[in-house]
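Order of writing sets the labels: A, B, C, D and E. Residues in every chain begin at 1.
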Amino acid sequence: MGKPAKHKRKRKRYSLPVAGSSPGVVYIDEHALQPLIRFHSYNDHYYAVKELDNIENLSRILANQEFNYWIEIKGFGSAAMFDTLNNDFGISKLVLEDITRTYQRPKLEEYGKYDFAISRMLHFDENKNLDNEQVSFILMENALFTFQEGYEDCLEPIRTRLNAGKGNIRIAGSSYLMYALMDIIIDTYFEILGSWGDELDLIEDRLFDKPDKTVMFDTQLVKRNLINVRRVVWPERDKLNDMLRSDSRLITDQTKMFIRDAYDHCIQIIDIVESLKEISASNIDMYLSIISNRMNEIMKVLTIISSIFIPLTFIAGIYGMNFAIQDPVTGKVMPQNMPELYQEHGYLYTVIVMGAIALLQILYFWRKGWFK
Amino acid sequence: MGKPAKHKRKRKRYSLPVAGSSPGVVYIDEHALQPLIRFHSYNDHYYAVKELDNIENLSRILANQEFNYWIEIKGFGSAAMFDTLNNDFGISKLVLEDITRTYQRPKLEEYGKYDFAISRMLHFDENKNLDNEQVSFILMENALFTFQEGYEDCLEPIRTRLNAGKGNIRIAGSSYLMYALMDIIIDTYFEILGSWGDELDLIEDRLFDKPDKTVMFDTQLVKRNLINVRRVVWPERDKLNDMLRSDSRLITDQTKMFIRDAYDHCIQIIDIVESLKEISASNIDMYLSIISNRMNEIMKVLTIISSIFIPLTFIAGIYGMNFAIQDPVTGKVMPQNMPELYQEHGYLYTVIVMGAIALLQILYFWRKGWFK
Amino acid sequence: MGKPAKHKRKRKRYSLPVAGSSPGVVYIDEHALQPLIRFHSYNDHYYAVKELDNIENLSRILANQEFNYWIEIKGFGSAAMFDTLNNDFGISKLVLEDITRTYQRPKLEEYGKYDFAISRMLHFDENKNLDNEQVSFILMENALFTFQEGYEDCLEPIRTRLNAGKGNIRIAGSSYLMYALMDIIIDTYFEILGSWGDELDLIEDRLFDKPDKTVMFDTQLVKRNLINVRRVVWPERDKLNDMLRSDSRLITDQTKMFIRDAYDHCIQIIDIVESLKEISASNIDMYLSIISNRMNEIMKVLTIISSIFIPLTFIAGIYGMNFAIQDPVTGKVMPQNMPELYQEHGYLYTVIVMGAIALLQILYFWRKGWFK
Amino acid sequence: MGKPAKHKRKRKRYSLPVAGSSPGVVYIDEHALQPLIRFHSYNDHYYAVKELDNIENLSRILANQEFNYWIEIKGFGSAAMFDTLNNDFGISKLVLEDITRTYQRPKLEEYGKYDFAISRMLHFDENKNLDNEQVSFILMENALFTFQEGYEDCLEPIRTRLNAGKGNIRIAGSSYLMYALMDIIIDTYFEILGSWGDELDLIEDRLFDKPDKTVMFDTQLVKRNLINVRRVVWPERDKLNDMLRSDSRLITDQTKMFIRDAYDHCIQIIDIVESLKEISASNIDMYLSIISNRMNEIMKVLTIISSIFIPLTFIAGIYGMNFAIQDPVTGKVMPQNMPELYQEHGYLYTVIVMGAIALLQILYFWRKGWFK
Amino acid sequence: MGKPAKHKRKRKRYSLPVAGSSPGVVYIDEHALQPLIRFHSYNDHYYAVKELDNIENLSRILANQEFNYWIEIKGFGSAAMFDTLNNDFGISKLVLEDITRTYQRPKLEEYGKYDFAISRMLHFDENKNLDNEQVSFILMENALFTFQEGYEDCLEPIRTRLNAGKGNIRIAGSSYLMYALMDIIIDTYFEILGSWGDELDLIEDRLFDKPDKTVMFDTQLVKRNLINVRRVVWPERDKLNDMLRSDSRLITDQTKMFIRDAYDHCIQIIDIVESLKEISASNIDMYLSIISNRMNEIMKVLTIISSIFIPLTFIAGIYGMNFAIQDPVTGKVMPQNMPELYQEHGYLYTVIVMGAIALLQILYFWRKGWFK
């Protein structure tokens, strides 16, 4: 199989529906990656994986009920592959459209012969922005197809467990494998939420230590990410609930017991998301009150200094006036004009008065509690 | 058929009920446009469209079950037409009133012989304001009537698909055509929401780069539009849900499968609307905190400069006072009056003291972190 | 019948229950108006209305099933009338209490022989304050009693339609008349909400043009009115829903079809109320951000002017100091005391330095974007 | 019976559960009042009341089915009494615990032989703080026990009606008496809410006339009280609803008709509480906007005066500088040093320039709308 | 049994799931404490407790139905113990995983042979931070296992009651013991909430007396703790509700009567949490309005003093100008240059004018109400 080109491509976050297109049409973007198909066959005491070029002959292989199969498909750049899925496996065109239009919410749809489910995988792109990618599942009797648009994922631990053969994973059938994949996707939510919880704690520390405007930006960023996670988690919960109550024979009772566990996790995630949102809001409140307080501090400094010195400057200004006691031209004497200036100790008295005014004001501000 | 005059008319956004009017009365505004009737007849291998002057003889044509029919009616300016609908097709007067009073919420009503449904089409008027127009559907066995108040719409792609004959559109019956029309209307919501999402992103960029008061106005505008969209989308969702659970034989099971898809879209739209509303709110919070921060900046500048220079000016004022050491008239000498002025280096000392005060203050503000 | 005195009276908005009074007691206020009784009898081809002094002999008249009757009672100032209602018509005392204690929420109560319903009529009192008045309905086989505390109402169009005999009103029975009255009451809500919508638009225009504090007061007034309307509309909706699902034989199926229409209107009103509330909130947010912005503007002006001139004034103050280079008494020369003052071009240099400082500051503020 | 001491005691508002105590244990506080037992026996044509010392022989008296009994118990200071209730009347210890631990929410519990209900009575303590006291009811076939912790209550009107024998109260059985007591308790809520409504109106008036910070404190006080009332009213509503739907034979159908009335009142109270909360919030919003506006006013005054006079003072400062045109020591003439000072009309020109600057600024502020 | 080392250890608050781990695997942290096993056996007239080293032979002892057993296990540092639980007692691995991964929400799971429940115990760690610890219950026919990660707990009163043998605790079976333990855990919530209520009251007092920024921090701390408590209480309520409606034969009807009591407590806690949250929010609102008010006060002081003295200083500055009436060099006389300076009483008039200006301004501010 030819590995597809590794060039970086700018993917649009959601490929939203285009008004006017027919429903039930597979959507292949011009940037779609060449499919990378990994074929796992396994049972209790056997495990093999190989990479396929196409899925042409797969339906015959799958007829062998001795094994369970996991067909991982990454990249949607082959219309022929989707035709095969439609023709050989009887997958509805509406399902195939949902797989390729990767803006679906998590959901479960039962089609009798197969179940169709969607999970959304959270991860951070190269710019540390939260992105979420669609993982689609088609669950059959002894086979599970998974579909991802890109090549990277967080499912490696499952492949490792499948290879190692520990636990239930090789013996509990395809629905357990689907559960295990969904569960690991949900578990990454915990990691991401945990990191945001830590970040909010750090932001809170900064609020106490040296709050600046990055506090606001960072909190808002976390909050916006939380909004996006919530959009994903609520339908995820509904999906898991649907799986719990599903009548589909494809999902075994044993698997349902585990799904209940995943459902509990999902509820916990919702709890954490809501708590973190409240903590974000509380951080923002704190920050705004800190800004207000700081403004108060600034204004206090200004007001104390201005209030003390402006009146004093006025007094100094008074005695800086040039009212004359003798007209320089006519020589007329006007002894009432600023007699203070010509009094012994006039300067001393003035300075004393100024000091008293300043002291009174300081006392006033002190009693108002402005120096605390 | 005579094309109606193209003159621009000012339409009122909602023709609200007028207290006291009898129910079940068709409402024809004096500005109502002349009806423009387009009659499509089609089946698997046939398609024709023609414009009609009236719908007088239509009921006989529709009796031919070999074809499906789509009767597009735009403009309500003919009372006769509504009489024909009432008399020839047995459409209830209450339904006809709902068609002509174009302020209805999306809904589905089943009348046995026909189903009546309403969608609301979002578009921007010439002033870039969000407007929404009512599209009414009357679904019969092999015919679909659609009613619009104005001439413009977003349904062209359906006409194209009908003409091209690709996909299900010509073979899946009238209920599928109704679904296709509703679906395309919903899809335009995505476009509009997408453009607002982009606008909110741009606004957010402006928040970081150069926030000014237009940020507030623009965000509020988006928010108000979102409020309006939400008023339309929630009943739309209910309508689609009603269609999914409808017992009406007029809506086929195959169509319902597609309606489920439209229903999913509707839920996604609600999701997006709620997220965008939260993002708007978060932008407004950000903006307000930025204003507060900027105020802090402004006040810091004022306070630093005032606090430094006002005391210095006071000192300068002191030595600008004219206390005399010798009375110009009597010649009396008062050596205690401002002896500093007559001291060698008095000026130098004063300047040094002023510099020291300024430095101490700068240091104080520095340690308070005001220069950051 | 003697018309009651027309003197203006101050009515209390809600006659709230008085703790300790027995239940089931008709409440007649000392300000209660003399009853004004209008008796309409009508059928398909007959209509007559006359004013009655009392309802003593009414029960015998109503036994005539050929006609439908509408007994309008306005003003509760007659205990005898309520006794007659209790004795002759078998109306429960609890119902009569609810009629006279006019603070009830809209509701429907079925008593087998009759149905009891309450609507609330919105109107503006002489001071342009929103008031709402209770209209009580007692629906019987072929008669409808309506009760209002005051003389004014908005039901005139129904009387006109009854008189004109157009539409269903004379042929569809008493339940239709009740519907028609309720519907017209609801329709006035639209008018009032429409006027508030217009007012909010005007307020928004003022926000852009010249926002002042009346914006806040006016918006709050609208908001408070909306709170009051919501208190009325929600139970109104429940009442209409109860009527739709009622098993009472007094409400005909035909009427229910119309009630569904009224129910739709009610939902629309709730929609509009919620939207207007959100628009109010958004106006208030806008206003607060405008105040903050304006504060920023004000502070910028203050800061720019103060920051430029305070340092300059300080420099001027420096050279206004009177440090002497020659002691006037001893004649001692101190050439270091303010030598700048005695330097050629000293003044010019000082002015140049001042200009440079001012320019630097203007440049600083310019680059901070304060002049935008 | 010895009346208990009347000394004022400090009661704790809620006697919250103490961790580790056994359930089903009667809780008697050391401050518990001596029981004050009032025994009413009544039927259609008889009424007697007497005060009892204890309830030892009561069970035998109650066996007489000719009368209905109301046993009012106030004060819980007797363990023996509760033992009697447990032994003679078979009241569960859990019920007795709930009676004595007076922090219960309103509820109804049915125990077959008796029904147990709790209401909460609102009143203001001596410091005008809202307090609420538990009233417990034990409803039996022909007897009603009521329990209150303190001696004061709002039930006097019921005693009066019982004595007077008017209305249903003496003939409709014990469940009607319980209803009447509950109803009067609910009716006091109206009074209290009405007084807060009036207070909010007064606060709103003060907002228009002279808003000061007491507005905030008073509004918050009302709001907090509303929060407390809501905590009581919601479970009250649930309790009344439980009573309406109760299968207990102890609550008669006739009583249920009246309970429906009380239930309606309860809904109205919830309505009013929610409205008042919204009005409080709106008052607070108004107040905050008024503060902001006032700040704007203050800053405008400061900015106008500072902006006008600071530049003028600077100019005056300029011409207050002492640059000399002749060195007093050397006699050197420097005619460029402040030639303005020695120009004819220099002073006049300066004053004109100052006036012009002031006028320009006033014009600028005028056009900015700062004088409005 | 060897007591484990008492060294302080830093525990992570939640051991969140690690993505990729197999489900159903017991999780033993490297810091896990050595198990401390306390074995209580009791019946109506017998009680003994001893400490065990392991639970190897326990299953045989438990077969003796004459006694009830409580096996307290604290510390999870023994994988062997969990193997025994799985092998000897048939406890599901998923349950054991939930016990050891101590981040579970309160829940009830029924497994037929045993019931599994989780409570969360609130306590404060050494730094006065709210922490909550998981207590897991496995309820069997005549035995109750409890599991705690740490050694400290709040369950001592139960041990005391068990030892004392008072009340139901020794006779009502294992489900009653489980109830009693859960109940005491819930009761500690009341204590903690009570302390926060007191703290909020203290904060409110500080708001009135001397509000500073610690008010904000302290309120936010309480609020955040409330958010955490709410995350615990809601699922606790659901768990108790599940227990009430459980069909499990392990929970007796008598116990359910008590659980209803605990359920009531839980509802009360939710009530209190919500009220305290509203009070926190109201405190924060108050605080913000106080800051704003204080800012107004500060600005008033600044504005009054500046507005009065800046114009006066300007006037003083005017007469401090040195416009000469005689050119010192040329001797030219310019009598229009500042004639005021050479006028008799010029100084007096100036001072009078200054006083008048100051008075007018004081009057102006007085009438604006700025001195209140």
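Quick note on the criterion: a contact is a pair of C-beta atoms (placed from the backbone, for glycine too) under 8 Å apart; a residue touches a chain by one contact, two chains touch by 3 or more.
This is a predicted model, so every value here is computed, not measured.
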Item to check | Cα superposition of subunit B on its sequence copy subunit E - rotation in ° rounded to nearest 5 | outcome: 145
Checklist entry - In whole angstrom, what separates the CA-based centres of subunit A and subunit D? => result 41
Checklist entry - If you average the CA atoms of subunit D and of subunit E, how many Å lie between those two points? => result 25
Item to check | Sites on subunit C at which at least two other chains make contact | outcome: 288, 292, 295, 299, 302, 306, 310, 313, 317, 320-322, 338
Checklist entry - If each chain is a dot and touching chains are joined, what shape do you get: line, ring, star, complete or other? => result ring
Next on the checklist: Give the chain order around the ring, anchored at subunit A and oriented so that subunit E comes second.
Outcome noted: A, E, D, C, B
Item to check | In the complex, subunit C residues that touch subunit B | outcome: 154, 156-158, 160-161, 166-169, 180, 183-184, 187-188, 190-191, 194, 208, 257-258, 261, 264-265, 267-268, 271, 275, 278-279, 282, 285-286, 288-290, 292-293, 295-296, 299-300, 302-303, 306-307, 310-311, 313-314, 317-318, 320-324, 327-329, 332, 334, 336-338, 368-370, 372
Checklist entry - Quick one: in the complex, what on subunit E touches subunit A? => result 16-25, 94, 103-105, 107, 210, 212-213, 216-217, 220, 223-224, 227-228, 231, 284, 287-288, 291-292, 294-295, 297-299, 301-302, 305-306, 309-310, 312-313, 316-317, 319-322, 325-326, 333, 335, 338, 340-348, 350-351
